[in-house]
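Pasting a structure below so you can have a look.
Labels for the chains are A, B, C, D, E and F, by order of writing; each one numbers its residues from 1.
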């Protein structure tokens, strides 16, 4: 199989999707941000009392999903029709699991939008906690599932 | 130690850095994107012959570094004075290591710019290869080193 | 009735509109900018002779309408299909009335686009006249009317 | 006194500030968003329990402050060094008072940044509550105070 | 024939296209960048060995095509469905010919997107070579052909 | 002489300017847009009566100058301190001459900002007149002069 983004001069192009069908498409992506236990506790306190780091991360992830085609050079502009992000605090592994879901009706999928939402949310958590923890790591950012389009269902094993 | 981005109403603010000194600052970040061996080989062929996925990833990472304060809500706008990205293909672990270096002279550091460059480059590699490999994973995105500013040198152990 | 933008974790989400029908939608918004009589006279002179503050405000309002989903976090991206702004100088109340009309064919309305156009045009008038009048006030920014979509016609009483 | 943004051809220009001194500058702006009592109560509930509309408005205001020179055509790009927004719920007048404070060290002031933050925060409140209240009005958006620069202190009477 | 972008107050508006039909549309634009023979040779070396100026120009042109409605005030936002750029080195005239092709399915054409891609690619070549040649000139930027829409085929004679 | 934007891996980088001195810098660029005589007459009428195409082109050029580092991948972000554009209608050659002047105080020059302003203004003229003239051509976009920085004065012969 060949890379599809390369033109005859060997340079990148935006693949022509004008003959693809408009279908409802959904993508779910996930990633983790690992941190010190103390950092995770600070974040948890904030979600209970005041200073919710995760609500800022949520906004940044959703806004980044809308900016995806401005960040990823060969991405088609897409009018996403829905976006949500869910955070799961995991005190056993000292991490926050970030899961994004993006939907659209269009000629091309929203995998990149979902992945971009996860990384932007992770970067925002890093930014807001870096004064107390510079060793956080964003990891395991993967596409969990996508539906719609010619290739149909993909689910990560 | 307390989170610094939270105002008295418990909401996020952009921290006031107007009394911080302008110093030369540098940050180095790194991350990996894991993929199938075949995908890594396709990318390697491109760098030798034609269709260089990594040159597009490079451009996207540098452009994303400039957009950092537009992606991360509480980040200060920064005029970065230099940015470079280096890719290392690793056939033992079937991954590409992405290392970014960002510089500025300013009142606040460029850690987030370096981390944003790495993730954008990783997402671009994903985008350009996803037709042949949807199981790629972006992992281990960390700050390796930063210099300058009040807190001075940080080096990841 | 409940706020619709909140997910189960109590955080903001972009509401899923993928099952909404595509209809022709229009929204009309209005606002006033109050100023000193002398400022209003300067602006009027400009529209007659040279230096048309309002033509810059017009451009800024139309461009801001296109940027709405980049400014308002939970707004869906929308391809607006038309936008116009009309200014009415009122020397009795020393104000300029700014009225915007925005159209689209889509799954969600253009109310926010119309309101954003009015505020951007008002802010631009402020910016271009602030050297002679810092006491201007933007007021009464409201949605006058919207048509299309499931909820149909809304008209402000 | 003359409008300063007009060139010899009678068209807008970005005023040359290259001979102005770099000073610390601050601007405080304020505005109100009026709504139904029920809407105000819903928002208050959210700040106590879940679904904090105001934390999204806060993020949007701060991000809009950074985008000011992209929204207001003749505004100079500015590296703001701090930004905060405070909301005051007023049940007597059924309004939320939005107050923004913006700082920078530069050749030109941050009045437009502070005003833009207030209007973006107001528009975001409108967006998140418009399903239950389309008659909200953004009003009284004014510059309260600015310090720094050649003209020094301005305080609204 | 009259200019269509002017409203009754004599100011610019975004023309209402909401009654236009959605058709497949394509536009091809072309331009030249003239330079010293030595500069052209340096660029050619890069495409053979390392340091491909044209691959960066390619990325910038495609990304600029996506940003067109953010650069050209009265342009409608468009979801382009494909974009490619081809470079032809001409050693007789010491120029690079830049040809862009843009496609979409929509209510309005992609002429401006194709022209914007050409100019951004040209400006990027200028930027990357200006250390060795400040006398480059971007010239002859024209629309070669467009198809689709009410006015149908246009071909430059 | 070598191209400066290429790193050791043969890919583009943003050149490190952190050791360059901050100086006052100015750049003047020029370009022409050729058109039918009738188009030029329509534009002239607009500048006398109503519907000033050139005032929209002016705004777009100035706003594009501010967006330069977002359009040209390896450009440093720059806080321009002034920008103006002048249009000269030439009925002998049926063209409009577009001249931009950009200033900044910084570590790197504003040549690209001046060139970007000229091309954006030209593209906007094209956009607003394309309903009556699709054969317009943007030509002769060159840097006329730049001052400041290590290389000092450049003047096009």
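Just so we're on the same page, contacts are C-beta pairs under 8 Å (C-beta built on N, C-alpha and C of every residue); 3 or more make two chains touch, one makes a residue touch a chain.
The structure displayed is predicted, hence computed values, not measured ones.
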Shared interface partners, meaning chains that touch subunit A and subunit D: B, C
Chain pair among C-D, A-C or A-D whose interface repeats that of A-E, sharing over half of the contact pairs by residue number: A-C
Chain whose mean Cα position lies farthest from subunit C: B
Most distant chain from subunit D, judged by the mean position of its C-alpha atoms: E
Copies subunit C and subunit A - interface residue numbers shared by over half, same or different: different
Mean-CA-position distance for subunit F and subunit C (Å): 30
Where subunit A and subunit B are represented by their mean Cα positions, the distance between them in whole Å: 15
Rounded Å distance, subunit B centre to subunit F centre (Cα mean): 31
Contacts with 2+ other chains: residues of subunit C: 9, 11-12, 52, 55-56, 59-60, 63, 67, 70, 73-74, 78-79
Every chain pair in contact, whichever chains are involved: A-B, A-C, A-D, A-E, B-D, B-E, B-F, C-D, C-E, C-F, D-F, E-F
Subunit F-facing residues of subunit E, complex: 1-6, 9-12, 31, 42, 46, 49-53, 56, 59-60, 63-64, 67, 70-75, 111-112, 115-116, 119-120, 122-124, 126-132, 134-143, 146, 154, 156-157
Residues of subunit D defined as touching subunit A within the complex: 52, 55-56, 59-60, 63
Subunit D residues touching subunit B - in the complex, by the definition given at the top: 24, 52, 54-55, 58-59, 62-63, 65-67, 78-87, 103-105
Complex interface listing, subunit E residues touching subunit C: 7-9, 11-18, 69-70, 73-74, 76-79, 106-107
